[in-house]
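In the two complexes that follow, chain A is the common piece, with chain B as its partner first and chain C second.
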Partner chain A sequence: MAGKGGATPATYAPSPSTKKDKKKPSTFADADWVRPDGRSFHQCRPAFLKTAAVNSASGSAYAEFGSTKVIVSVFGPRESKKAMMYSDVGRLNCNVSYTTFATPIRGQGADSKEVSSVLHKALEGAIILESFPKTTVDVFALVLESGGSDLPVIISCASLALADAGIMLYDLITSVSVSCLGKNLVIDPLPEEESNQDGSFMIACMPSRDEITQLTLTGEWSTPKINEATQLCLDACKKLGKIMRSCLKEAVSGGSQEEEL
Partner chain B sequence: MCWALGFSLGYLLCFDICQRRICGSVHQRVRLVSMASASGSDFSSEMEVDAFRRLFPLHFHERHLLESIRPDGRPLRKARDTTVALGAVTSANGSALAKIGCTTMLAAIKLEVMTPAVESPDEGCIAIDFHMPPICSPIVRPGRPAEVAPVVAKQLSDTILSSGMVGLKELSLVSGKAAWMAYLDIYCLDADGSLFDAALLSAVAALSHLQIPIVSLNEEGRVVLCSEDSEGEKFAKVPVNKEKRKLTLNTIPFSLTCVLHKNYILADPTAEEESIMDTLLTVVLDSSSQLVSLYKPGGPALAHTSVIQDCVALTRQRRKEVQKVLDEAISDMEVD
Partner chain C sequence: MFTVSAMVGLSLGEKQFIKGGIAQDLRTDGRKRSTYRPIFVETGVIPQANGSARVMIGATEVIASVKAELGRPNPSHPDKGKLSIFVDCSPTAEPSFEGRGGDDLASELSLALERCLLGGKSGAGAGIDLASLSIVEGKVCWDLYIDGLVISSDGNLLDALGAAIKAALSNTGIPKVQVASGASPDELPEVDISDEEFLQFDTSRFPVIVTLTKVGSHYIVDATSEEESQMSSALSVSVNREGQICGVTKRGGAGLDPSVILDMIYFAKTISEQLINKLDSQIAAAEACEEDDS
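What follows is the complex of A and B.
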């Protein structure tokens, strides 16, 4: 829908003029460096969570971790698609989409099909599907701005929205990721850290049951590093779980919650 | 809201209104009760308000209209509370979040460089698109886009471009070589009626928040960003657009959508009102109250001249309110 008639001309985003590449790889490989936003390696970004962000949904939540901003709406339980077979247990349907301005370069939103299926797998273990037989619960996420660690934020936000919608859950799901950069493990990585990482590690868990619903590990890892990363993630998940719980409690009494992880 | 069965509906309705502390006189209440018992359907005497609202939505609304009140407690010609927040998205060059009641819109502009068309070598371009992602309403499902989205997109595009709000020449960088293409994307985050009004408000707010980056041409004729720290370096290029960091907005279009039903005009309808009484009339006026556009997309009620004049007068009032909200948002931004 260009302003003038005819085909939209090809466009490009102006790139920074100084292409020095700022010796990035070497910096991250060093034992000691400062993260772009000045956090320490094992410090998460401040989390802002709010339920009931979308009035027309059964339940919804908004999450902001640094510049990562996500809205999740939950609809249902409602009638399953006509083509679906009869089912004694409920169905979960997840969809994640990115706004065109979410990424630094326009319309470069990550493969949302893949993200949708990861979200589905992370959530399904915690939902009591037997509580809504024959029907479907839809979980729709929209990434307003992608500022690193998008997937864990989407998962945590989705479980908050499910709780807001009153869907029966075994526990809230919280998710945190860790990037391995050289010798260091950094928690809740930023996009520039994610793009230079040697390996990534993500956990989605039910903090009060000490159960993991999803664990993704990519890249090169040594066993001690895996153990360290697991511990880091589980600790952060516990803390995030507390924040999410207090956010839900606060929603009942009115107000929102901002806390440091 | 839960009342025992058995009350007469008129009483319940009246109770509903009184609870919202709008209906004042006892006289009015008495009249409502008598009216309800005279014209009520057979069910109305033994039904809860919520059930009545769902089963006989038109009847429910007409009862309210008779009392010059709407189910959410507003007078007929009053718009919902409106807020604007600028700079909601940091990854865009300009952005704004607008809320009218529960209807929420997020607009963001990303600037990219294009080669201008041969027939207009010193003009840039604005590409406007409106999205309704599945999060915004239970009606929208993934893969099945809402029918209204392309309609609103076209209206927005027509309104913004024909109002002369932005001079496309301002988006030129190097005549015939490079110009800005402004991608203005508007996302509906929560759909509760008057989508066009909220979308237009967020769009004009995003345009007034737009900050144009300083750029220069490199050896290959491509446009590159000038970062602040590169200015001191010896190979720093001469910026092409140093003085043009903001767009001059010649005029700002504001709109108001009204629902026409019988002799009533309801300003700024909610999604429920839009679905029940489906004659809509949207008036767009610019800063000097000149008419930019008027949409009346069908519907059973005819728009007589006097009705249109009333709607224009309402829009004129509303324009002042919205202008104030926008000005406050801009001055808040400047203080920060």
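What follows is the complex of A and C.
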């Protein structure tokens, strides 16, 4: 990009975040900076969850964590494609896509193939696949707005949709991510924080069984820091699990609800 | 998905034998749970590439090659070069790698390698300092293409690929570049690539990957594909020389207790020290061997 001296730029690309990014890293390294949305480091964004968002699906859910908005539909269990071999356990098929308007620059969403495979790995451990042999359950996720921590929101929302579809689960899956910025651990990071992070840490777990189904970590971490991040994530996952549970109960008696983690 | 479990036809008795052996700390090939198979490294195997290495761990064999090309830096990181990792699983290694099976495995391996070796967004914990690949800020940089090829597969592909990439990078020479001065800031500067002087990478901080495969209630290192077929889940941990954890990926659906995961990470950290030393001496030996030949 030609950054200098252009009185009339040849093309116009709205990029509100790039300007700020250059200054930010220095402030993130400080011991006490304020997060862009004014949260404390260990505070999650308010979550809004709703089941049965799509009529034609067997089950569906809509989740809104701050500005991250995700909708997940679950179809099936239905007959596996003819080409598939016989299988005495059910199959899980996950597909995540980003709308073209999900990101500030059009069509710049994360690689959907990567996200889909992580979603698959996070969910498969919780689904009782033996309960629907020879058939396939399709999980389709659509990110309407990418506002940071997309993947954990997709995973949590997908498990809510699976529960709504009446698929047998060992437990709900909840997922939370943490960013490491300088010395600080920041839960439920925003895009600005994610793009400057020194390391990321994500956990998907079954809160009532206290089991981790998926875990990814990048960057440079010492073992005490990993311990701290795990504790932080597990606590948040437990709280999120309670909210999701009450959302499902609420759906039976009618209405939806908003709660703060 | 990650393993080729479908292809390993094991009888109930054989499965029991593998699991029972692991429980008693004596595996089918006589190893203990924490012992690696012999590792063999050969460098400079591909003359066309800037750097290459072949790594064999038991019957698993992989090749990694590093190619450097001049390119334009990413606008969001004008002061950094680019690095990408691709893995190819050829059907010559395993019939199940043909078609989608191989593609899925390959993309999963590349993703895991990127996560384990390239560090965080800001570059912390990266095996290679991308800033060292920059030539003219915002204009020209080196694009490093790392390609891994699975030649023969007998489990533990990720660790083997990680080791091969480390060896290939320490074998890599990047040509020295002279930038012609006086070019105006708007144009692409002219660069002169030297074919005599080469720059070497500092790979001392490059992490190694240790995969712990959980079979029953125990975990083992360096699983063969027979053992992998019996796994409930596996954790790949990348650790650098300082003992810092640079990446973790989990595979296999079964859930793990948080305390077990932390235990496994700690265990991987202990194991990694020996592995790094063994690998470094192997790489040094391979380099010395190559110099003797030339």
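Heads up, the rule we're going with is that the second predicted complex is superposed on the first by the 240 of 261 C-alpha atoms of A that agree within 3 Å, B and C clash if a C-alpha of one lies under 4 Å from a C-alpha of the other, contacts with A are read in each partner's own complex, and residues count from 1 in each chain.
Keep in mind that, in the parts below, a contact is a pair of C-beta atoms (placed from the backbone, for glycine too) under 8 Å apart; a residue touches a chain by one contact, two chains touch by 3 or more.
Because the structure is predicted, anything quoted here is derived from the model rather than measured.
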Return first, second, both or neither, reflecting whether A:P133 touches chain B, chain C, both chains, or no partner chain. neither
Between chain B and chain C, whom does A:S97 touch in the aligned arrangement: first, second, both, or neither? first
Look at A:P36 in the shared chain and tell me whether it touches chain B only, chain C only, both, or neither; answer first, second, both or neither. neither
Once chain A of both complexes is superposed, is A:S146 in touch with chain B (first), chain C (second), both, or neither? first
Identify the partner contact of A:G166: answer first if only chain B is touched, second if only chain C is, both if each is, neither if none is. neither
Tell me which partner A:P46 touches in the superposition: chain B (first), chain C (second), both or neither. neither
Just which bits of chain A does chain B share with chain C as contact spots? 1-4, 18
Mind listing the chain B positions that touch chain A in their complex? 88-92, 95, 102, 104, 106, 108-117, 120, 123, 125-129, 131, 133-138, 141-142, 153-154, 157, 161, 168, 181, 183, 185, 187, 189-192, 213, 215-216, 218, 222-227, 230, 233, 237, 271
What residues of chain C sit close enough to touch chain A in their complex? 75-76, 78, 104, 107-108, 111, 115, 118-122, 124-125, 138, 185-186, 233, 235, 240, 243-251, 253-258, 261-262, 265-266, 269
Interface residues, chain A side, partner chain C - complex: 1-4, 18, 21, 25, 113-114, 117, 121, 124-126, 170, 180, 194-200, 205-206, 209-223, 226-227, 230, 234
Which positions of chain A touch chain B when the two form their complex? 1-4, 6, 8-18, 53-57, 60, 67, 69, 71-73, 75, 78, 95, 97, 99-104, 106, 138, 140-142, 144-147
